[in-house]
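Look at the two complexes coming up: subunit A is in both, with subunit B in one and subunit C in the other.
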Partner chain A sequence: MIQAAITSIGLQLLHFMVALASAPLLVGSTRFAKSRLQGRRGASPIQPYRDLLRLMRKETVLAHDASWIFRITPYLVFALMAAAAGMVPMFALDLPLASIGDLIAIVALLATARFFQALAGLDIGTAFGGMGASRDALIGSLAEPAVLMVAFAVALVAGTTALPAIVRFVLSGGVGVEVSLALALIALVIVAIAENGRIPVDNPATHLELTMVHEAMVLEYSGRDLALIEAAQMLKLLVFVSLIASLFAPWGLAVAADGFDFAELLGGMAVFVLHLLAAALLIAVFEVSVAKMRVFRVVEFLGAAFILAVLAVVFRFVTDVS
Partner chain B sequence: MFATLAYDLSHMTGAMVLLAGFAVLYQRRLLGVLRAFACQAVAVAVAAAWQAYSQEAPHLYVTAAIALLLKGIAAPVALDRIVRRLDIHRTVETAVGIGATMLAGVGLVVLAVLLVLPVTISSAALTRETLAVALSVVLIGFLIMITRRNAITQVVGFMSLENGLVLAAVGVKGMPLVVEMSVAFSLLIAFILFGIFFFRIRELFDTLDLQSIESFRGERR
Partner chain C sequence: MLTLTLLGLLFLLILGIAAPFLRPERLALRAVHGGVGGFALAFGIAASVRVVAGGEVTELELPLGLPWMGAHFRLDDLAAFFMAAINLATAMVMVFADGYAARQPEPARALAPLPVFLAACNLVLLANDAFVFVLAWELMSIASWLLVLANHRDGACRHAAYVYLVMASLSVLLLLLAFGALAGAGGDYRFAALREATERPALATLAVVLAMLGAGSKAGLAPLHVWLPLAHPAAPSHVSALLSGVMVKVAIYGLTRFLFDLAGAPSWWWGVALIVVGASSALLGILYALMQRDLKRLLAYSTIENVGIIAFALGLSLSFRANELFDLSALALAAALAHVLNHAFFKSLLFCGAGVILEATRLRDIEHMGGLVRRMPYTSLFMLMGALAAAGLPPLNGFVSKWLVFQSVFASSSLTDNLPRLVVPLMGAVLALAAALSAAGFVRAFGLTFLGRPRSEAAAKAVEPGGAMPTGLALLAGICLLLGVVPVLGLALAESAAHGVIGVALPVGAVGGIFLAPLGTGGAAYAGLLVFLVVLGLALGTRALLGRLWPERRRRAAAWDCGFPDPSPATQYTASGFSQPLRRVFATSVFRARETVDMPPPGDERPARLEVRLVDPAWDWGVEPLRRAVEAVTLGLNALQFLSIRRYLSLMFGALVVLLLVVAAQQ
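Entry: the complex of A and B
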């Protein structure tokens, strides 16, 4: 009994460490693959680690008008992202944290982080911060209904909103080639692109451009605060990638129901690395092949995600009657 | 898992057709509309071919070939040339905004599902779903014709409506090929007539926007 508790806590700690360690690598290898595809040499995939270290060592500069919201936001956002990352299966199933929060709880954690980030953007009172916050709120208000509909579609197929149970259901082969799941996958990918500020919606590589969203919001942060916010953003990408991977391609994850099985854990890790590499490559290929869209077209882009998710629910309803 | 594969795949191809219908609605550029329509026709061809294989009905392969050659390749290429020749590939003139039409499309899908399910409650699940999807595709074809003012998009709407009919036809067992052929050829004739009309309308009004025709009473300009 006690040993089981210890192993599950150990698994959760290992999970946290793997998540924190691999999030910068995901971003770094995405940038690396992208610059190679564009014919540049590109920074090495471990550059984000160096960036984070450098920011950590630098002094934090606070604006005169910064209130407590501005000061606590980096810690809060990072903590919320870490909590969300703790619930999503990456290399092993049955995390102890996963039992206290389902898909909807993960959506709520991400939404809370977004809320505080937007507040902090407004808090300083600069024009860029306010603009970024308002655009981020626009994207969020469109992305969240879509991601909730995706959660409902998946939950209707699997009969539960708890993530481990859904993954188990998919692993058991209970679903064939399901239309609802295909539609939900496309919708979730669109939402993930928008939520992470990847290219057709926002450009993560620019710092001073009128069209930027996330970078505009965090423009006033520096030093350790900025490092935390960047790390949270990297974790967010990791959360979405592993959410998509564990919902739609969970084969090979370690099912650690009965204690540690070392070989199985290693296999899960290998699958996890494979997922990350595939995600980095896919994101890079997608980003070099599309152009950034106008901010006002984002509404239609995310509207399409919402409609796909609604269709997924409708199709599930059709199938369910039979 | 593989016992339901036939069912799942026909369900999937039907959904692809419907999705391509939404893609037509989503496009802002005329050439994008044509490309999305070509995707829909290819999806219909795949659906027909899959039905031919799973129902062991070889004549459906002919349907698939007609869909692929006529609507997947010939019609989009011809329309593409017309669009380029008339130099109207800029934007789609919409009567209602794109977001609103997409929402209306979802409403139509729900309507189709609600209509078909009670009527066909006694038939097999596959037939029921195919009919629901096909009816949605037909309704979305209507929606394209209603909400897009350009004559080319009207033709695309008309042909995607016909795609829905083909989808319904291949989903039901025992549909004779004659019906299929006659539908396909009447479509071809309609398409040629439309092509002639494009140039006549253009000659008379200098535009393909059908709104300027609505108030036309026959007087010469």
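Entry: the complex of A and C
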């Protein structure tokens, strides 16, 4: 009993460490792959670690008008993302934290982070902060229902919204190739692109003010606060990549409930690294092959995700004559 | 307990009558708010104990009212649950009112109707025959109408009260007809008799439609919601809190009582109708809230959204019940009731907070606010909690009930009727959209009000009031957090009431301990306390760890703003600007939002203007044609007023003949 508790806490801590350690690597390798595809040499994949470290050590410059909301937001957003990352399986299933909330709760944690991020954007009272918050509200209000509908479709297949139970169901081979799941996958990928501010919705590398969404919201942050927000953003990408991987391709995850097998754990890690590299490559290929959209075209892009997710649910309802 | 409660209600009525004669005014305010708050607290605690302990159903017949019928009262689980919800919220609003009302221009005007209002609300819940029910309902409407009229010197307020009175009369008329149709020709209006009534299906259908319209219009369901955003904000803020937090809940009680108890076994279409109406109210309500500039109107529209969510869950519960899936029906009903409880608290909190802002700045237009977080730190903290709850985000209580509603939506694949199977996922998608939009709406409401730089002199000089007002807010915010972090408290109440109505308990372990697992252990679970502690722990831990690794250096400087900070607060984003993308995407078709830009040519010194027009389709296509029809009919009938006596006599004779013919034809 006690040993099981220690093992599961140890697993959770290991999971946190792996998540924190690999999130910058995911972003770094995406950037690296992208620059190679564009014919540039690009910075090394470990550059994000250096950036974070540099920002952590720097002095924080706060605007005169910054209130307590602006100051707590970096810590809160980081904590919310870390909590979400702690609930999504990456290399092992049956994390103790996964039982405190289901898929809807994970979506809600991300939504709370967005809420505070947007408030911080409005806090200083600059035009750019407000613009970022306003556009982010638009993106969020289309992306969140799409995720909820994806959760609905998946829950219809697996019979629950508890993430470990869904993954277990997929692993058990209880699910074949299904139209509704394919639609849900496409919808979730679109949402992941939008939520993480990737091209074509937003450009994480932009320095042209009028095209920024996320960068405009966090424009006033500097030093340690900025580092935390960047880290949270990296964690968010990791959360979405692991979510997609664990819902649609969970094979190779270490199943901790049947005992703590070291070899299995290593296998899970290997698969996780493979997932990350595949995601980095796919994002990079996608980003070099499309152009950024106008803000109002994003609505159609995300609207498509929403409709696809609703279709996934309806298909499931129509085909399922139990 | 029933007898004691009725005695308490009698005291409240006496307090209402005595209130205008109490002198001095300060004492009268204390006495009324203290009295109402004290009684509400007692009722609320007694009722919650009654729900959780699961007491017997008690009935009482008094020789009042109609001589051949008497007045019947009954206290069961459902009534006790609503009593708990509305009275506990009222008690806390009264703490706020003790500080707030004295600062109003004519506080005494809202005094006498206040105890009467609370008594009438409770009486509706306790009624056990149609006569007492409708009488109490009407008393509640009139008392609240007087409360709305408290600022009677304001023309807009008088107009709002007038519209409200008309809609309230319409609602009571429809309910009267509904009871009539249900009781049929027998005319036994005791609820016990109505339950047994086996009328022709056509009449029963008519009764259900009428009851949905009557109670729905009082609750603020689209498309009969037009009065709500006028009347709720027009009243003083503590009254707005009572109208949105309490009275709307009594209307939902009426709907629940009629559909789940009196009208018998549900047909498949009841649920579908409520699901569609509920989901569209939720979406319309929150979209309209997103476009509002007036803080209190924004909150009133958000009430429409939440009532929509509740109606949706009620409809889902009815659909499950019609398919004999009683455990899922109990789950959906518990979700609806949990949202009733949660909304009562967080909407009261938000309206009271809006009252504090109104007191401190005299402003209602959020375009002129901003920067209040620095002037009013406590109010901003409590309002932030209210905004998080209204946006349905953890760890506040709004998330818990929305989560439960989504859980019951996700369980809907076991429905067997074909139409609900198609409607539920589609309307569930609409509800998900509304939930996401509510987060955007409350980012806007909170952000533009409290954050940024002050957009007007009044906002820059706001002073946070002390005393009872912040205490009331703190109490309400504390309850919202408590119900969010320890959701078992609220759900235990809702579950017992749902159990009483449906007759089936939720699975074992659904509401035990810190884990909320509505579909039984092993299914989806939510542990509010753990989520709260984990996030808090991670945030504080990160801060401590980073502080130890690299001592923090912090400096204040001018804002960066890409190198060109503009000192004028007018360069900030505005509320209308914030919602412009959402307006272009969602409101162009629904509200026919139109923007007209007036850009003067160079050399012309007129300021450029951008004007936005929105219409509420319910006004243009619902109320306005109805108003014109009524006007046309009454003008037409006006001709009858100026006839000669000969014509009147012949008309009467004609009417008599027609009636005799009808009677003859019937036999």
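What we mean here is this: the second predicted complex is superposed on the first by the 320 of 322 C-alpha atoms of A that agree within 3 Å, B and C clash if a C-alpha of one lies under 4 Å from a C-alpha of the other, contacts with A are read in each partner's own complex, and residues count from 1 in each chain.
As a working rule, a residue touches a chain if its C-beta (ideal position, glycine included) is under 8 Å from a C-beta of that chain, and two chains touch if they have at least 3 such contacts.
In this text the structure is predicted, and so the values were computed from the model without any measurement.
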A:314 in the overlay: touching subunit B, subunit C, both, or neither? Say first, second, both or neither. both
For A:202, select first, second, both or neither according to whether it touches subunit B, subunit C, the two together, or no partner. neither
Quick check on the superposed pair: does A:183 touch subunit B, subunit C, both, or neither? Answer first, second, both or neither. first
Name the contact category of A:287: first (subunit B only), second (subunit C only), both, or neither. neither
More residues of subunit A are touched by which chain, subunit B or subunit C? C
Going by the contact rule set out at the top, does A:299 touch subunit B (first), subunit C (second), both, or neither? both
If you stack the two complexes on chain A, which partner ends up touching A:149: first (subunit B), second (subunit C), both, or neither? second
Taking the superposition as given, does A:215 touch the first partner, subunit B, the second, subunit C, both, or neither? neither
Taking the superposition on A as described, I'd like to know which of subunit B and subunit C A:130 touches: first, second, both or neither. second
Check the residue A:69 against both partner chains and state whether it touches subunit B (first), subunit C (second), both, or neither. second
By the touch definition above, which subunit A residues appear in both interfaces, subunit B in one complex and subunit C in the other? 299, 310, 314, 317, 322
Using the touch definition from the top, list the residues of subunit C that touch subunit A in their complex. 370-371, 373-374, 377, 384, 388, 391-394, 399, 403, 406-407, 409-410, 413-414, 421-422, 425-426, 428-429, 432-433, 435-437, 439-440, 442-444, 446-448, 451-453, 515, 519, 522-527, 530-531, 534-540, 542-543, 546, 549-550, 552-562, 565-566, 569, 571-573, 577-582, 584-585
Inside the complex, what are the residues of subunit A that reach subunit C? 56-57, 59-69, 72, 75-76, 78-80, 82-83, 86, 97, 99-105, 108-109, 111-112, 114-115, 118-119, 122-131, 133-135, 137-138, 140-145, 148-149, 151-152, 155-156, 160-162, 165, 209, 219-220, 222-224, 228, 295-296, 299, 306, 309-310, 313-314, 316-317, 320, 322
Which residues, counting only subunit A, touch subunit B once they are in their complex? 173, 176-179, 182-183, 299-300, 303-304, 307-308, 310-311, 314-315, 317-319, 321-322
Residue positions on subunit B within touch of subunit A in the complex are 1-2, 4-5, 7-9, 11-12, 14-15, 18-19, 22, 26, 98-99, 102-103, 105-106, 109-110, 113, 117, 125, 128-129, 132
